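A short write-up of the structure that comes next.
By written order: A, B and C. Residues from 1 in each chain.
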Amino acid sequence: MSGRKARVARWAVLGLIVAALSVVAAGCGGDDGGGAEGALAELGEFEGEVSLIAWAGYVEDGSTDPAYDWVTGFEQETGCQVTSKVANTSDEMVTLMKTGQYDGLSASGNASLRLVAGGDIAPVNLDLIPNYADVFEDLKDQPYNTVDGTPYGVPHGRGANLLMWRTDVVKEAPDSWGVVFDENSPYKGKVTAYDDSVYIADAALYLMKTQPDLGITNPYELDDTQFQASIDLLKKQGTIVGEYWSDYTKSQAAFSSGDSVLGTTWQVIANLLTAEKVPVEVTLPTEGATGWSDTWVIHSNAAHPNCMYAWMNHIISPEANAAVAEYFGEAPSNAKACDFTADKNHCDTFHAADPAYWEDVYYWITPLVDCGDDRGDVCKDHSEWVQAWTEIRGS
Amino acid sequence: MVESRGLRIFLKLATSFTLAFIYVPLLVIVLYAFNERRTLAWPLPGLTLKWFEKAVNNPGVRDALLTSLEAGLGATALAVVLGTLAAIAVSRYRFFGRETISFLVILPIALPGIVTGMALNATFRTWGFDLGLFTVIVGHATFCIVVVYNNAVARMRRIAGSLDEASMDLGADTWQTFRYVTFPQLRTALLAGGLLAFALSFDEVIVTTFTIGGQQTLPIWILSNLSRPNQLPIVNVVAVFVILFSIIPVYLAQRLSGGGGAEAGGRI
Amino acid sequence: MSAVTHGETPPPDGLGRRLSAFLFRHPHLRLGGLLAAPAGWLVVAYLGSLAVLFVAAFWRLDPLATKIVHDYSLDNFRTLVEEDVYRKIAFRTVGTAAAVTITDAVLAFPIAYYMARIASPRMKAALIVAILTPLWASYLVKVYAWRIILQEQGVLNWTLDPIGLAGPGFGKYALWLVFSYLWLPFMILPIYAGLERLPTSLLEASADLGGRGFRTFRSVVLPIAFPAVVAGSIFTFSLTLGDYIAPQIVGTRQFIGNVVFANVGVAGNLPLAAAFATVPVVIMVVYLLLARRAGAFESL
């Protein structure tokens, strides 16, 4: 190449490299800051839309089944058009919430605390939510929805993870989680488990009751020995698991086609299967279970805060709360909802007004380094749970 | 014919077997679009046409389809422009880094979609672009450039450079030469490449997940609806419609490329 | 075009012609103009983004606030090397990708050869349409169709049951089957293009020299088709290497894509995801360099 052309070519390449590096430098720059603090002072005009992240079955607008719709009425009353995104795990929900494109989320305990710590959700002014007054007392002021006395959301409902089996394959009704942890299970390859790191707590819960000398008092507060024991149990379980599920329709399809016959589930999946005439049964095993107590939270930079408050008030109103609790198969959060369920025994079946029952249900919550007792800061935190889960799933 | 009879029979059988392999799952899709019940159970409980009506009336499908078409057309247009520019540069000039261009152009499609998606997502967010249709178009164009580029380069190799020079000798300027001499010869190659680019964009889901905002393209809609219990038949119906409608452009492009020959298939 | 008649001075050139003349005298400006947009986008935006991603691999995640902290360290890479599971997942993914590539090459060759050399022009056109059409069927729907075929009470078991066999169910064989199915058109097209350029005279010459069928295939056809096979393999290999959706639907174990996605899309742990993502990136870059040596880029 002639001298001049070579020089020009070199400058061009240099220019491109500099431009590329500036992209890198910009990318290395600071992260986006946290959101604004402070709860809404008073309700203003409704913005015309609200976008939510929710567990499957929480925001039904009739498109799944025309009989289940507690969204259209809300849209007509407030003019807030609802768009919802279904997420399958709390981790997914936190990641989605952090994009800043959603107004609110039905957060389980293992999402809400992380969002508070990250500054992604704002405190809630409970005076603006009239229906909050009727919420069951044992759902108020809980560690997963209140931090330092500041409330961060309104309770949606709670439930337990249950054990489900196909009655035509598993002839003897199980009553213990032991059947899914049994290495010599006759149903090897057809057992299912929840595909998220929080499932480690289920293993820890089983060890809590069957190996008391490990000293586990709370399945989310695990020190090194207890954590290793849980992981080992789950690795052994991996040899009999056919499919790990987080997408509830896949779990439903797997039970329906016979690829899964035994494992952990949500009541809503069992309900959908029974409607399909697949023979299944569920039970809460003797060891107790993990579960969830969900809270509707609002993004700290929500684009439509007034509509979000209207939604929060709506979803815990007696009629809507009853409808969603029945559809999903959980206990409602509003005491008055018990009068509105189609099945009059719904609240009794799901122990909505029975605080003693929930002592044996360990709601999903974020594991922290601080064990919360006199062991100090030796417990495994969320990132270690996630890494351990990768180990378990990868083997 | 150089190939022996035995060989030809074997090849015919192999071809039929491969075609059967390709089309059996598609037949399953078509069959399940008529499934009476919403589940994945086999054998089918019964047949019905009701899902077709539901699919047509579903606003989510219509919006998603529209978004997909917009994204596809935008990405194809961008890819055609960028790919042609690069192809002309590579085939008509010698310059420092010429071999690297081919390598660079194929990177976005050769690297895993999740890497491209994550990288573009990070860049868009850093530079303050809101994720939406524009970012999707840019994302898709990035990996679509290569299909247009390859077709254009292959065609440019067959167009004698002397034609350009003759045109200039006759008094045409650069733009006129491109318009009256180069472009007409490139046209069918760009069409084949553009069609393949559109197909890639239309069905892409991984990069799209990372570059789209609140909207949905058709694959995103399908992904979100496959997770909802009662939407599976509608998804199958949508798939059937897409397959049927796509036969038309594929056939047309094939005819316009001069019928037969490697050009017709388009170069990936 | 302006016509010049004798005796008249030509009209002054318009802006377009003046610009064109200027560019003609400065070829490197012309080149620059051509390359500015594509090279600018690819180098600055795409490579720049990849660089940012790579840099993020050296950061770490604050687990409680789920915020990325810009603390440079090799921790993520250390985790990848020390924990067995990542190596296992990488081998599993690469192994499947290789198996899929070989399967597709074997499946694609006969049909590509038939299309290139034996089919009549009408049949050729029909076959091209037949092979391209499935590319338009949604990838997701195709994978779910395979789920229906492979499930416990699915199509495959239903056909095999009368003869007492059973299908593989979900798992690595299912994934091998599904990936081979999905990427087959990407392998057929380049091989077809490559074989089309095989002159019949070469085959006749080989026959004249005494080469029987297989010898001709091995010594004449294969070397010419090889770059095309490598070109197709770029797609089958890379598409399998990065996929995370099919493993979730018909697989039971995790692949590289699943771990990357679980960490970035789900856990928000971009640093670890970026670190693990460098594995397929490095593999593919090496693969591309080797493919270029083999002449695949001309055969795409």
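Definition applied: a residue touches a chain if its C-beta (ideal position, glycine included) is under 8 Å from a C-beta of that chain, and two chains touch if they have at least 3 such contacts.
The structure displayed is predicted, hence computed values, not measured ones.
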Which chain is most remote from chain B in terms of Cα centres?
A
Quick check: more C-beta contact pairs at B-C or at A-B?
B-C
Gap in Å, rounded to a whole number, between the CA centres of chain B and chain A:
37
Could you grab the centroid distance between chain B and chain C? Build each centroid from C-alpha atoms only and quote it in angstrom.
13
Mind pulling the chain C residues that touch 2 or more other chains?
28, 39, 43, 45, 47-49, 52, 56, 147, 151, 153-154, 264-265
For chain A, give me the residues that contact two or more of the other chains.
9, 23, 27, 247, 250, 253, 257
Two or more other chains are touched by the chain B residues 40-42, 95, 122-123, 126, 226, 232
Would you tell me which residues of chain C are touching chain A in their complex?
28, 32, 39-40, 43-45, 47-49, 51-52, 55-56, 61, 63-68, 70, 79, 83-86, 88-89, 147, 151-154, 169-170, 248-249, 252-254, 258-259, 262-269, 272
Flag every residue of chain A that touches chain B in the complex, lowest number first.
1, 6, 9-10, 13, 23, 26-27, 29, 32, 51, 56, 63-65, 83, 85-86, 88, 99, 101, 247-250, 252-253, 256-257, 272, 276
What does chain B use to touch chain A in their complex?
37, 39-42, 60, 95-97, 122-123, 125-127, 131, 213-214, 224, 226-232
Applying the document's contact rule, which stretches of chain C touch chain B when the two form their complex?
1, 16-17, 19-21, 23-24, 27-28, 30-31, 34-35, 37-39, 41-43, 45-50, 52-53, 56, 107-108, 110-111, 113-115, 117-118, 121, 124-125, 127-142, 144-149, 151, 153-155, 158, 181, 184-186, 189-190, 192-193, 196-197, 200, 203-204, 207, 213, 231, 234-235, 238, 241-245, 256-257, 260-261, 264-265, 270, 273-274, 277, 280-281, 284, 287-288, 292, 297, 300
Chain C partner, complex, touching residues on chain A are 5, 8-9, 12, 16-17, 19-24, 27-28, 31, 89, 91-92, 94-95, 98, 113-114, 117-119, 189, 241-244, 247, 250, 253-254, 257-259, 366, 368, 381-384, 386-387, 390-391, 393-395
